[in-house]
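Quick one: the structure is below, questions incoming.
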Amino acid sequence: MENLIALLVAAPLLGAAVLLCGGRRLDKTGHWLGTLLAAVSFGIGAVLFADMLGKGAEDRALHQKLFSWIPVEGFQADVAFQLDQLSMTFVLLISGVGTLIHLYSVGYMEHDERRRRFFGYLNLFLAAMLLLVLADNYLLLYVGWEGVGLASYLLIGFWQHKPSAATAAKKAFLVNRVGDMGLSIAIMLMFTTFGTFAFGPVLSSVGETSEGTLTAIGLMLLLAACGKSAQVPLQSWLGDAMEGPTPVSALIHAATMVTAGVYLIVRSGAIFNASPDAQLVVAIVGAVTLLFGAIVGCAKDDIKKALAGSTMSQIGYMVLAAGLGPIGYAFAIMHLVTHGFFKAGLFLGAGSVMHAMNDEVDMRKYGGLRRYMPVTFATFGLGYLAIIGFPGLSGFWSKDKIIEAAFAKGGTEGWILGGVALLGAAITAFYMTRVMLMTFFGEKRWQPAPDADTAPSAEPAAEHRAGELPHPHESPKTMTIPMIVLAFGSVFAGGLFSLNESFVKWLEPVTSFEHGHPPIGAAAVTGATVVALIAGVGIAYAMYGRRPVPVVAPRGSVLTRAARRDLLQDDFNHVVLVRGGEHLTRSLVYVDHSLVDGVVNGTAASVGGLSGRLRKLQNGYARSYAVSMFGGTAVLIAATLLMRGV
Amino acid sequence: MSPTAVHGLWTTAADPLDRIPAPHIEYAQLAPTLIVVGAAVIGVLVEAFVPRRARYLTQVFLAFAALASAFAAVVALAGAGYASGKAQIAAMGAIAVDGPALFLQGTVLLASVVAVFTFAERRLDPAAHGNRVDSFAAQAASVPGSESEQAAVKAGFTTTEVFPLALFAIGGMLIFPAANDLLTLFVALEVLSLPLYLLCALARRQRLMSQEAAVKYFLLGAFSSAFLLFGIALLYGYAGSVSYAAIADVVDGTVARMDPALAATMGNDALLLIGGALVLMGLLFKVGAVPFHMWTPDVYQGAPTPVTGFMAAATKVAAFGALLRLLYVVLPGMRWDWRPVMWGVAILTMLAGAVIAVTQTDVKRLLAYSSIAHAGFILAGVIATSKDGVSSVLFYLGAYSFVTIGAFAVVTLVRDAGGEATHLSKWAGLGRRSPLTAAVFAVFLLAFAGIPLTSGFAGKFAVFKAAAEGGAGALVVVGVISSAIAAFFYIRVIVLMFFSEPKPDGPTVAVPSFLTTTTIAVGVAVTVALGLFPQYFLDLAGSASTFVR
Amino acid sequence: MNPVNYLYLAALLFTIGAAGVLIRRNAIVLFMCVELMLNACNLAFVTFSRMHGNLDGQIIAFFTMVVAAAEVVVGLAIIVSLFRTRHSASVDDASLMKL
Amino acid sequence: MGFPLLTLTAVVPAAGAVLTAAVPAARRTAAKWLALLVSLATLALAVLVAVRFEPGGARYQLTESHWWIKDFGVRYALGVDGIGVALIVLTALLVPFVIAAGWHDADPLETASKRWRPTQGFFALILAVEAMVIISFEATDVFLFYIFFEAMLIPMYFLIGGFGDRAHSGSDENAAAQRSYAAVKFLLYNLVGGLIMLAAVIGLYVVAGNFSLVEIADARAAGKLDMATNTERLLFLGFFFAFAVKAPLWPLHTWLPNAMGEATAPVAVLITAVVDKVGTFAMLRFCLGLFPEASKWATPVILVLALISIVYGALLAVGQRDIKRLVAYASISHFGFIVLGIFAMTSQGQSGATLYMVNHGLSTAALMLVAGFLISRRGSRLIADYGGVQKVAPVLAGTFLIGGLATLSLPGLAPFVSEFLVLVGTFARYPVVGIVATFGIVLAALYTLVLYQRTMTGPVKEEVSGMPDLRLRELLVVAPLIVLLIGLGVYPKPLTEIVNPAVEHTLSDVKQKDPAPEVEAAK
């Protein structure tokens, strides 16, 4: 059985290789090949899952060692996989959602002449992501970690001819690199502390080292997680990442890659459990991001950016949960999965809308679309209900548990975290309702299509002539089917997982679990959540449902304006990092040229000058030569005599 | 033998005639010198009696034959063991026949052979009025630009006297390093200098500069030899003899028989020190050490290039030989007096030579300064005052002389309307025009620069190693620094030849006869051979590095 | 009379000669100064020879004269040819080559 | 003694150089093919060396030893350890690519005279460099090493100064001037370094009495040879200076950007991927091998210099406007990593450093050669003159990107392995240094991606609009390199197996043990 694990990664990897090296002859069939291999990966995953269910809870973990990777004295890095319940969950999510989005892209990218390459990149991403969750040691995980970074770089910048896309891609990679720094330092610390960085040995021998070391490792891991999962302070890249094609946003920047940070933290749970400080920091980062993302989400008029903000905020929930320790890990993963469903669904819906609206992304130019694209409306609506946590739908189950756990943390921090989570729920309800209303309700605010080049983020995938009003239509089957499937997931997954805590029990062997007891009782928390939900929806309806939405955004309050600019984080980066960096490099270039090099050239020049002066002595007059000889002799004699004298 | 007996020959002249003991001269051991000088005399006779047409060939053949047989004699002597075991002092103590002497004589002779080839080269200058000419004045006596000169040129005169003159000079050079008493030293010095003065004046082109060079060389040379002579006088006064051995004894204080008459002067070290310094100065002038070097650039530039090559190589060899013998045989007892002084001279020479050369614009002057820098390097070996020091210097001289002659031979090839185009700007892009010539010159330059796999490196390494072992580490460091500076201007020339675009009115490279070709070929061959496989020659130098006294 | 005085005289003459070389312009005069130096050396040789009571010095003096004569031959030849070309015997005029 | 395989490995290219140079002017193509074949033959021999080499065996294998210059105590002594083998193979491997990539770089202009044979010269010089580099990797005699360490400057100098980019922006005189400036700078820098080393070599002889690496090391180990502390330090500095110039290490690096900028891309690869490796290799073998104590004494300073090189090089790379100069500064940063790994004196660090030498060779070759192809198309080295290339030449862009990703040592590609080993090895003994060095990976990403973005992405510039994609010859040059980069990234084991024993020997020379982990984890 365990020999199948490698195939999970191999299948999409093969696809990537074939599609990228295959050349034009694959243009016709390439996308189907890619989709097929993704499906194969999912199939294998399903088989392994079935097999796993057949075993006892404790001996479900599978292990496969391929070969010894970097054998150096005292340093063993193997290419080896570990498939336990946690990895399994991810495998199914990644390959499942992945397959659906491949399918969706077949239709979505139909008109792009580089579709083959797009699918190659998607497969590459799947392979890297699966490697990430299947690795049995941190170094191999690091490989997958950077692999998904590469894939996301390639896909964000897929429309490279757009400077904005290229810049966004570069930004994403760089910010992630900062996170990767954290990961590599963490690995080095593990190596010097434990002499290895394989999950088993490291996590089992946590007890034998000082808490300080563990805190350091934990914080470095957190840094990595922040980079990958767009948590404050490394969140700035996610918004720009929406430059990529919408399926990419759905798969990578909503469902899977951005959740890798959560995986890392949960996977390293033992380390965090042993270091409360690090754990608290994790929770705080989660809480902060949760609000940050939500606020940003409220202000964006670009539908994808709004969803990106919400993604940020939802991952905030997961990180918060992961920061709560054993009482939260399971729920973090559970929310991760449900979020995978409904957020992917929402993004696909958004893509479908843009597809219909000449790639318009500004929600202020939508409106009243529910009649024109019923399927999209239905699936999007279900996703919406799920994310705001409408009782009974997936989001409700997972989010509510997280809020409970937050309160259950106990003490003032428990109250604060819980309160924040609750507030977040309200804001979520608000901005998602806003999106919903602006897109599907109200009157039409459609605008004639701009021509592809001038539009800031026009996706030239779809063909449309400039200057004409959009004529919305339902998307083709290849696009709607995945949306429907995901919609099912976003409706039922949560409930299914929560049936007598099946999901928690499933994960328990890996993450360990203990029941949290909120000071005010679970029922009260749930009630509070529902109230917050209703409040959020109500305010949104009052603002966008009752009165018409202006086509041009009003100036808005200071907070709004700041939120539109991602709360000024980019401006800060620009001033401090970019400008500062430019100045630094420019001055260094100067130093190198005039100082370091100047010394060298200066020496040469001075020798030349000395030479020029000395050569004047050679003035061509025989008698002056005689003088020098005479003087020389005198000195010679004097010196000799002196020597004897001394 | 005892100091006074050396010149017993003359002191007993007062006795009745029938009892004059004939001086005992070992003709066999002096054969090399005798052959060359004899050939020189014959050469003069040739000038007198052989018709003008036949002179050139006769002279060339004579010179070549003489040098070749002289070299053969040297080899024979060395083979007979005079270089090592049977080393002795010949000609009533006047001349030493030992390793260094024979090695240097051999080097001088070989260098002279190839140098004489360049003397005899007749294909470089365009044939004037149908008769080929060499690089020497048609008629030295005629005023430049005068009718008489034109007439001489028209008549196709050539100064074949250069060959006997060269032979005389070579004779002097053979004696110079072998001289075992100060008088012989002085005479040898003059014998080698006077012909050179004349040779300098005999350039066919740019005769003004040639004559100027001769005048400068002559006046300064005479000036220095006067100092040398005075030094000899003082040493004689100090020791009561001019024989090296005798002086050495007195210096060491191991004098065989204390002559009451000498007691007064022998105590007087001032005589010794001043005299020593003066003699030293005379020799340093010949090797072109700072601050006695200033004649070098001008003379090298003005003299006919073949002569320059000859001087730069052979004279240096001979002079350093004499210097070595003086320092190792006569003055070892006062090492602690002269070593510091020589340190200063060596450092000055290395640095000044390298630094001043950096801004030179004339190839011949450039090479002149580089020869000064090299004199400095050799001095570093001289200072080592060890067997290794001697052998390293011998090796260096051997290697250096061939590189030099080769380099100057290449200079004779690069010509334009005004004769040799010695200004560096004219060498621009030579590598594009005639890659072979440029490549050969580059090899010589790299050897000068001491790049590994050339003889220059082996020599430099030997010398520095000896110096370092002799406790002169500082000298090595200075030497290394100045080699770095020196490298700069050698590289400059290479850049000029290969990396800069050729000028439209650039010089042409004359196609030489086999003579110059041979010279250059030998130069390259020796340079590479000594660079790759120096072992044999190092052994040779090593086995020849003990002085007899 | 103490022979050492002759040495002082010799040294004096030598210095005069050297000084002459350094300060005079005319090549011939320069040359004569050199000869003066040589002869100063001769005087020194002879004196020392007298002091030491061996004849070497005196014989060396003869050698020196011969050498000096040879020098004259060569030197005059060169100087004359220079004079004929430049119509001046000033060594300072002969300074084409410098630097 | 046996069959002189090592000698042959060096003699073949040397002979090839002579033959190539002898090819008559008209038969230019023949010369090219001859050179290529010779380089391939050399590669075969190098592989044979690698095969015959037994990782478990003696420290130096396939040894040869004959007296060369007895008076100087100099032997013609050859022998390879794992590090040598790795680098010899790298050299022999890269040269064919260099030759193939430079196929047309030295075709003479119409204006040139008939006797001027640049093509023959170009390829002959490349082979000469190869021969000398290989010898210096094989030499176990300090003097022998020094000879070729110095001598290789000359052909290198002619390669830099004699052959520049055909279509260089700016006038020809200007280009020629800059080129010869770069060449002279290269030569003088290295010559000064070499001469200072010469002084040290002589000093070593005075102290040790011979030049045999093995004998000296044994004598030291047996305590027969004790250098005064100061002597050892002075000698060490003399050696290290030369190697630091060659490597190059900050602040002795300024010759590299000029040289790499002015030389043609293949020659630039030859400089940074092959010749410079001799410097780092020599640090490992001679500095540590001959002067262990002094090495340890100097370590703090050297580590700081290495750190400066890493950060400084990367920052300057970000600031460059010229593609080749950018790669040059990137290399300076990478050499910082190599030196760091060497002087961290842990087995991970030194194995990493050795791997780094190989991988950096491959990655720089890939990046620089593709850059060269790009430049040869547009005729400009300025980044600003490009844009949107990926649209018109996707394969070129793709290979360029892979080269770039290798340069920023993306996991899965070979450089990652070495870089991570160096970092871990450094961190194990000097945590702070390790952490600072880690910033290098962010900066690397910065300059690589900025370069890629500015040249390859964005709207297509009209100058590049007609640009042809990679030709077959060019693809054949790049593809194997990429395959190697991926292969060694996924499966570096063969390399590490050869290298590890050698590293252990070196560490035992300096008597250093790896710091043990804090807790012995339950395996």
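Each chain gets a letter, A, B, C and D, in the order it is written, and its residues are counted from 1.
What we mean here is this: a contact is a pair of C-beta atoms (placed from the backbone, for glycine too) under 8 Å apart; a residue touches a chain by one contact, two chains touch by 3 or more.
Here the structure is a predicted model, which is why all the values come from computation and not from measurement.
When the interfaces A-D and B-D are ranked by C-beta pairs in contact, the top one is A-D.
Overall, the chain located most centrally, as judged by its C-alpha mean against the mean of all protein C-alpha atoms, is D.
Look at where the CA atoms of chain A average out and do the same for chain D: the two points lie 37 Å apart. One finds 46 Å separating the Cα centroids of chain B and chain D.
Centre-to-centre spacing of chain A and chain C amounts to 97 Å, using the average Cα coordinate of each chain.
For this pair, chain A with chain B, the centres built from the Cα atoms lie 81 Å apart. Each of residues 215-216, 219, 223, 227, 297-298, 488 in chain B touches at least two other chains.
The set of chain A residues touching two or more other chains comprises 604, 615, 618, 620, 622, 626. In chain C, the residues touching two or more other chains are 18, 21, 30, 91, 94-98. Chain pairs that touch one another are A-B, A-C, A-D, B-C, B-D. Listed in rising order, the residues of chain B touching chain A in the complex are 215-216, 219-220, 223-224, 227, 269-270, 273-274, 276-278, 280-281, 285, 290-292, 294-295, 297-298, 336-338, 340-341, 344-345, 352, 355-360, 485, 488.
Residues of chain A touching chain B in their complex: 604, 607-608, 610-612, 614-615, 617-618, 620, 622, 624-626, 628-629, 631-633, 635-637, 639-641, 643-644. Taken in their complex, chain B has these residues touching chain C: 4, 6-7, 10-11, 13, 140-141, 143-144, 183, 186-187, 190, 194, 197-198, 201, 207-209, 211-216, 218-219, 222-223, 226-227, 229-230, 232-234, 236-237, 240-242, 259, 261-262, 264-265, 297-298, 301-302, 365.
Listing the residues of chain A that touch chain C in their complex gives 615-616, 618-623, 626-627, 630.
Interface of chain D with chain B (complex): residues 67-72, 112-113, 115-117, 146-148, 150-151, 153-154, 157-158, 161-162, 172-173, 176, 179-180, 183-184, 187-188, 191-192, 195-196, 198-199, 202-203, 205-206.
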